[in-house]
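The following pair of complexes shares a single chain, subunit A, combined with subunit B in the former and subunit C in the latter.
Up next, the complex of A and B:
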């Protein structure tokens, strides 16, 4: 029980450091942009409006006070209104969140569907010639940046063959290329890790035992080796979340997928700071949730980990 | 005859032993090509990369003396590619060096100190690793503007935690080795242990991380430039070339293919070097977990 409380407080500590770090970074990014009020008010604002805004946001106060004031607003989940649309920033970001989560889910699903069988196959018989060739292809694929793959896919399937529509996410057919692009840069790494873990598991004693009592090759692979190999894989999948999200930004821009990434891109171009602050906040919360969740899953599949901690 | 064949085989074997792996050798050879293209850029360019001939727009590859065709303003793609390589490689390289320096210092400090400073540093590194750094990079670059230094410094500043994590873990394990304990018992100073044992011990791991990080930075640079947030307008880096190609996908697919091929070539090459270095380290009995 005590161990559980201390683990919980450590998680909470992580969360506080993350949010504090991100909000502080955003605060100073705003300062680096010059006078934040001028950025916020736009180019056409008159002196009275600037003075009024300055007072409204507390920018006539000393820097430290401003910082505390800003943190207070973040605590109240008040990020202000978007400079572009006038909508409240946080609800705007949250309204775009489902599309990003859908993309992440689709990308992850394709990645797992491809990586698990291919990785297990590569790991089960590492010495075969065909396995070597596929391994080489995987190493090569790992060098392909996701957005380059996306551009090539668009060129082939949308521009040349005209099989698929490319933009938006209303039509289910537009889901195919973005999720494939996302999977293309997640899968190679995952395949290599699964293959390495399966190969490692296949060398263990219990595999020899299973073989000696006459278990079939498939049963050995899927019932004995694979469950033991999946552990490192779960760790990687959660660690890849940051990677997944970063990749999603550029994929969303490419396919005009109406998620947080596209919003980030548009808001960065217009320096729409309330929205940018809300986005980094939401992403920080997501990162925390995913890490905590994967930690729990991790403990569930491998009871040794929970014990080692306590 | 057979003696000669033997000596050739022996020669190869010596090279292999020196470089340790086929991947490393291939990677270095392929990277040498990039360096040659950068060094002899002026001699290899067939046209002025910035000046086009409007009567010669969208020439296909190999037509009219244009090795890789021309773009929408009739500029020679081959010459532009060569012009941009130097920019992309040096931006990625410098960003890697910045991340390496900051990360190594933070990692070493975190491993040397104890108490709350260590906890805080580790927490910062943990969280920075979990947070998608590209998002921060996009925002910073949008604020400070395009350009070589803004981009390079930003990429370095958002990506150093990778090095900090590796250096921290490696240093802790090195400090527990018997030979370090022995030299400590002989009264060696902390600085002497650091310079004499820890830094040399970090080298194999760090070279591997450096290689992979360089590849990541190449991708990040091209991605940001492609988004219009990296290289200044007009500089023909891979990302900018890709950006410019987008409006002409139907008429001039080579405008897309050429920079794609450039990025893939460079990234695969650097990954080969990284893979080679890590298998070399494994052969020498070191374990590298990334």
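Up next, the complex of A and C:
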């Protein structure tokens, strides 16, 4: 019990340090990136107009004071109002989060549906010619930027075949291409990890034993080798979650998917600091939660990890 | 339902005083009207004002439309118009980009239920043009909601009213304004803010859209084969590379002969024909044809690398020199190729042009503060929303808050052209100034650039005015 409390407080401590680090880094990095007041004032603004706007938005204060004020507000989960639209930043981000989570869920589902069988198949038969061909394709796909895949998919399914739309997200048909595009970010790497882990498992003594007692190939793969290969896979899936958000930015822009990726892109254009800071905060919290959850899953899958940590 | 792809929605949504020109104008001109507007041919015509008279050099009378109503049913009249001007002239309004443009207004008063009197500090011959910029918001909603919240729920007199800034398709949805004084042919419009060019192209070519903004010249053949029409926005910008003479007085570009040599060394005709497929003509001056004060006698600098080398030698640079230019890439179709061609042509006469790519946020910071890191920078300017040559002349003068090019000897002529009330004399003064600017070459004049729109064969009546499509004029054709 004491160990659990200690682990919990350590986790909480890490969480606080992470958020403090992220919010501080974003605060100073954004201010180094440009001046939103000048963007807002426009090209014909004179010094007096800029000074008045700075005063109105509190940008006339010393930077350290601005930072302390910002930090105080972050503690109250108040990121301020969007400089462009005046909407409260955090509620604005949270209102667009479900669309991104839906995209993430769909992308991850497609990734798993494709990666698990393909990776297991590749790992179980490492020497066949067909496997080598598929492996080469996977390596090629891993090198292809996600937005290129997205544009190719749009060209085929929207422009040439006219089977699917490329705009919007209200209709289920509009979900197909964004999720496939996002999966193209993640699946190749996952396939290779699963394949490597399965291949490693297939070389173990217990597999030889299973073969010697006459277990079928499918049974050896799915009941013996795959469960032992899954640990590395779970680690990668959780690590990929952060990349998933990065991938979502370009996918949301291409498909006009109204999530936080699109909001991030639009806010970056106008240096909308409050919204950019709120997005970073929300993504950091999500990534932390997913990583924590995956740690719990690790321990469930392999109790030795929990014991080692204890 | 009309489906239109635009590059982006205005960041402040329906607050029309937060920016001028693109991208806001495309959206705001559907929701709001000014007292005046610039028509398809670039002439200033009435919108919420039916006509206007100059009473004396400082005073104008505007007679207002009597049948105009806001989309919430409230009547538009001289009182509501005055409230709008009063806000824009207040301390809060003056720090908006549109309010800043009205700093020459001294007072707005009412002389009848549908009559406004506007007094200016100085004679302002382009006041009617200037008012095309001032969108008439519904003052009661504006006062109650405040500028930011009003942006979420805008109320104007335009042909359309807002349904949603983001509907299920991710588009802004507009519906016909039932109180509007112009009834649109198509009841609802979806504006898709498609930032990525490739996505916009693919959505257009697959006929998911009726209209698409900012297509590339090389795509027009593909569109044509599929039954699309193309229209180059007549509100043309001049794209160029301006010289920061004020901030770099020791640079070679401080010498007029060098600036002329740079203009002569670049083959703008080939850029026009090969890179832009002839869609954008070489620029000869700081305004495009059709703009008041454009000088038709001026021709683009002729491409003559030998003469360019002679000018450089005269200026003391027989072996050329190296200059840096701050460039925002990807702002205009094919701009990367254009800048590369400029670099190549200048290298041929011994000028090593080093392009330093930057983001717009960094570019505008340098532009506004006048602290340019480099002696040249990309600049695209237009005469919109006024369609008058005086506007770009202000940019290239000592009159800019922190100028990058200041020739004091030209200021009396600029000030005269800015306040001359007799149209003929004023036009002549502007044309004379165009010649002087051409010879001074404060910029490398590249192209007269207009955004290319494509419309599918499902719609008819497509027209552009003052940088925005006139969506209310569009009709959907019956499908076969």
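Following the convention adopted for this analysis, the second predicted complex is superposed on the first by the 273 of 310 C-alpha atoms of A that agree within 3 Å, B and C clash if a C-alpha of one lies under 4 Å from a C-alpha of the other, contacts with A are read in each partner's own complex, and residues count from 1 in each chain.
The rule is short, and it goes like this: contacts are C-beta pairs under 8 Å (C-beta built on N, C-alpha and C of every residue); 3 or more make two chains touch, one makes a residue touch a chain.
Everything numeric here is computed off the predicted structure, so don't read it as measured data.
Judged by the touch definition given at the top, the superposed model places A:155 against both subunit B and subunit C.
Legend: residue contacts after superposition of the two complexes on their common chain; A:143 is shown touching subunit B, with no touch to subunit C. In the overlay built on the shared chain, the residue A:106 is in contact with neither subunit B nor subunit C.
Residue contacts after overlaying the shared chain place A:47 against subunit C, while subunit B stays out of touching range.
When the two structures are aligned on the shared chain, A:165 is found in touch with subunit C, with no touch to subunit B. Look at A:269: by the touch rule set out above, it reaches both subunit B and subunit C. Once the two complexes are laid over each other on the shared chain, residue contacts for A:90 go to neither subunit B nor subunit C. Once the two complexes are laid over each other on the shared chain, residue contacts for A:116 go to neither subunit B nor subunit C. Contacts of A:256 after superposition on the shared chain: subunit C is touched, whereas subunit B is not.
Common to the subunit B and subunit C contact sets on subunit A are residues 33, 151, 154-155, 159, 253, 265, 269, 271.
Residues of subunit A touching subunit B in their complex: 13-14, 17-18, 21-22, 25-26, 29-30, 32-33, 139-140, 142-145, 147-148, 151-152, 154-155, 159-160, 241-243, 245-246, 249-250, 253, 264-265, 268-269, 271, 276, 279-280, 283-284, 287-288, 291. The part of subunit B that touches subunit A in the complex is made up of residues 120, 123-124, 126-136, 138-144, 215, 219, 222-223, 226-229, 242, 249-250, 253, 256, 260, 263-264, 267-268, 271-272, 275. Per the touch definition, subunit C reaches subunit A in the complex via residues 8, 11-13, 18-20, 91, 94-95, 97, 100-101, 146-149, 151-152, 166-171, 192-196, 198-199, 202-203, 205-208, 359-362, 364-365, 367-369, 401-402. Per the touch definition, subunit A reaches subunit C in the complex via residues 33-36, 38-47, 49-50, 52-53, 56, 81, 84-87, 151, 154-155, 158-159, 162, 165-171, 253-258, 262, 265-266, 269-272.
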